[in-house]
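After this come two complexes, each holding chain A, first together with chain B and then together with chain C.
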Partner chain A sequence: MIQTDKILDAKGLACPMPIVRTKKAMKELEPGQVIEVQATDKGSLADMKAWAKSSGNQYLGTSEEGDVLKHYLRKADQLEEKEEVSFPHTVTNAELQEQMDRDDVIVLDVREPAEYAFGHIEGAVSIPLGELENRAQELDAEKEVIVICRTGNRSDFAAKQLAEKGFGRVKNAVEGMSQWNGITEQNNT
Partner chain B sequence: MTVKAMTAKEVARKVIDNEPLFILDVRNGDAFADWKIEGGNIQYLNTPYFDLLDGVEEVVSELPKDRDILVVCAKEGSSVMVAEMLDEEGVDAAYLEGGMKAWSEHLEPVKVGDLKNGGELYQFVRIGKGCLSYMAISDGEAAIIDATRMTDIFLDFAQEKGAETKHVFDTHLHADHISGGRQIAEATGATYYLPPADAEEVVFDYAELADGLEVAIGDAKIKIEALYSPGHTIGSTSFIVDDQYLMTGDILFIDSIGRPDLAGLAEDWVGDLRESLYSRYAELADELIVLPAHFMIMDELNADGSVAKKLGDLFKENHGLNIEDEQEFRDMVTKNLPPQPNAYQDIRSTNMGKITPDEEVQREMEIGPNRCAVR
Partner chain C sequence: MAGKTAIIASNGTLFDAYKVYNIATAAAASDHEVAIFFTFEGLNLINKEAYGQLPLPEGKEQIAEGFAKGNVPAIPELVEMAQELDVKFIGCQMTMDLFGLEKEAFVDGIDVGGAVTFLEFAKDADVTLTF
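The block that comes next holds the complex of A and B.
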């Protein structure tokens, strides 16, 4: 069970209805929120991917449970694409790759659970940005925390939050998962 | 408002007659690039239906006013929606009934010719997928070769002609489409023949299709002779019907030759393929009319929609029959092969009787073009 902001039941509906309903449901979501679309139309898989690309939304992945396809999509967030990052301490993905296996380094993934589920760095801790305020104490403040998201933006916010909370060694992995070429693992069932 | 449907049969007639048609294909770009309705006088526009949900204004200006417009999608639903939206904009457009699924399943029967002692030979052109099946009818009896899974079409056709199906053959174990041979044999009590070398893993009973086997249909004794011609598969067998026609299966096509790799053994079978094409076929009469199990491009269709050409002409014109150098031939049929057909392993397992997917799954497995040839 992957936590999302909305679940849309499009089971039993034939093309074009799964996409028509998804498009409508997406309008009601806030930018950055994630929807799970349940569909039984096999063709919905290729169409979800293609529609997401065409509409600028983010297709996260699909898991199969019996006859039901569960598609995960994240609503486009314009701010995320444009805003400049301002947290001063950053690392590239290459630097992250070198440092992440150190015992005193925590890799913190602040993307949504569904994004994390369909591909994350092995061993990365998942706390979505929206929950960080209340869950930061789960992290060991003595360690270095390297924060990552998709494009370096949410991780910028998260890095600032952690610094304010007294974390001494925080870095933003500015390139993000969208440019990560290293090994990832999934847990999407 | 209801918009009008165009059936796969109507579209097939337009393609065969080379009539003008404009297709607005509303499937996603990958599906369109992979496989579409082909025809010599068709113009296309591919705009996915999900880009038209807010309105069709952007495509209206790109639609011609002087030819029929057909909206096409995978199963019909989206094309109905788009055709209705076009109608509201004052554009007259039809949708393809049943979508590309119906197109994939449509068979167009074409008479190839008469048999010498009475009787007729028909070719069933699966125009959307390029599969060709055959039915020889003589004196109230029928033989069917390389039937597709749309078995009702063959059964109904034989019934219409007042013929009882006696023999059902597959030239080889198919990898690109699901055979209807076994079902037809079960429904009619006919004998179902398969080449034993292709049928080692088959889980049902069949009659052995061996080199030199001869069967006759009807009292007129129309002769069907089997000719072992391996290369596409190890068991691939051709037929000579009525001393006039050569059914080549997937060994020789009009504009290409068979590929040897679909059962995983390209290197092993390339020698067999060369032997079949360059020795066994070379000994046959030039006047034989070649009837393959597939066509790949619309140019291979004759004006009447049939796919047939004299063997002598193919030895002159088909590039695959004219490669002197053995190494060059070997390279051509083992390197740079086209992608393998969609779900070909599952299709082979289905044809062996190992798995029995339901009809919807069988449809999905067969989606896309056939890719049995190398050119």
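The block that comes next holds the complex of A and C.
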């Protein structure tokens, strides 16, 4: 079970209703929130991907349970597309790749659970940005924390938060998962 | 708007209605600006008396069962959905005159216009379809 902000039941509906309903439901979401769309229309798999692409939203992935397809989409967030990040300590993905296996390094993935579920760096710890305030103590402040999200933006906020909480060695992986070419693992069932 | 879709509906069976409204609602849900020009038998698709009981094409009557099983929405439902998504309906004045029909015979919210009204909309459309 992947945690989302909203679940839309479009089971039993034929094309194009799953898309029409998704479009409506998306209106009620805040930017950056994630929806799970349950559908039995097999065509919805290709349609969801195409729709997300044309509407600028993010298609995260689909898991199958029996006859039900569960599609995960994240509402576009304009703020994430701007390129400025202000946390001074950054690493590229190539540097991250070199350093991530060290024992004193934690890779912290601050994307939403559904984004993490459909592909993350092996061993990365998942704490969504919105929960970091309350869950930062789960991390060892003695270690170096390299924070990653999709595009380097949420991780910028997260890095600042951690620094304020007394984490001494924090870095933002600015390129983010969208440009990650290394191995990923999934846990989407 | 992500794009613009212009559709001509000129046939009046249930199949035609699904083709027209499925594409129209899908396009509108994908943020397209959509207009449908209803002409000749296509006017049945927005005719209040007719659109709830459109005929199947001749010889295809056995498909009725498939429609019932397939959970496809009824045409009036799709029309409502399309209008909610701001799909623009244009009734063809010339055919309405020919058939002796007034604007009141059709679902609410339609525009009535001639060929040029549609062409004006369609001239810079990204997708143009005829059914």
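Here, the second predicted complex is superposed on the first by the 188 of 189 C-alpha atoms of A that agree within 3 Å, B and C clash if a C-alpha of one lies under 4 Å from a C-alpha of the other, contacts with A are read in each partner's own complex, and residues count from 1 in each chain.
Convention: contacts are C-beta pairs under 8 Å (C-beta built on N, C-alpha and C of every residue); 3 or more make two chains touch, one makes a residue touch a chain.
As the structure is a prediction and not an experimental result, all values here were calculated from the model.
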Report clash or fit for the pair chain B and chain C bound to chain A in the combined superposed model.
-> clash
For A:Lys42, select first, second, both or neither according to whether it touches chain B, chain C, the two together, or no partner.
-> first
Would you sort A:Lys23 into first (chain B), second (chain C), both or neither based on which partner it touches?
-> both
Is A:Gly12 in contact with chain B, with chain C, with both, or with neither (first, second, both, neither)?
-> second
For A:Val68, select first, second, both or neither according to whether it touches chain B, chain C, the two together, or no partner.
-> neither
Once the shared chain is lined up, is A:Trp51 touching chain B (first), chain C (second), both, or neither of them?
-> both
If you stack the two complexes on chain A, which partner ends up touching A:Ala94: first (chain B), second (chain C), both, or neither?
-> neither
On chain A, positions contacted by chain B and by chain C = 14-17, 19-20, 23, 47, 50-51, 54-55
Chain A residues touching chain C in their complex are 12-17, 19-20, 22-23, 47, 50-51, 54-55
Chain A residues touching chain B - in the complex, by the definition given at the top | 14-17, 19-20, 23, 42-43, 46-47, 50-51, 54-55
How about chain B: which of its residues touch chain A in the complex?
-> 28-31, 48-51, 53, 73-75, 77-78, 81, 364
Along chain C, where are the residues that touch chain A in the complex?
-> 2-3, 22, 25-26, 29-31, 70-73, 81, 85
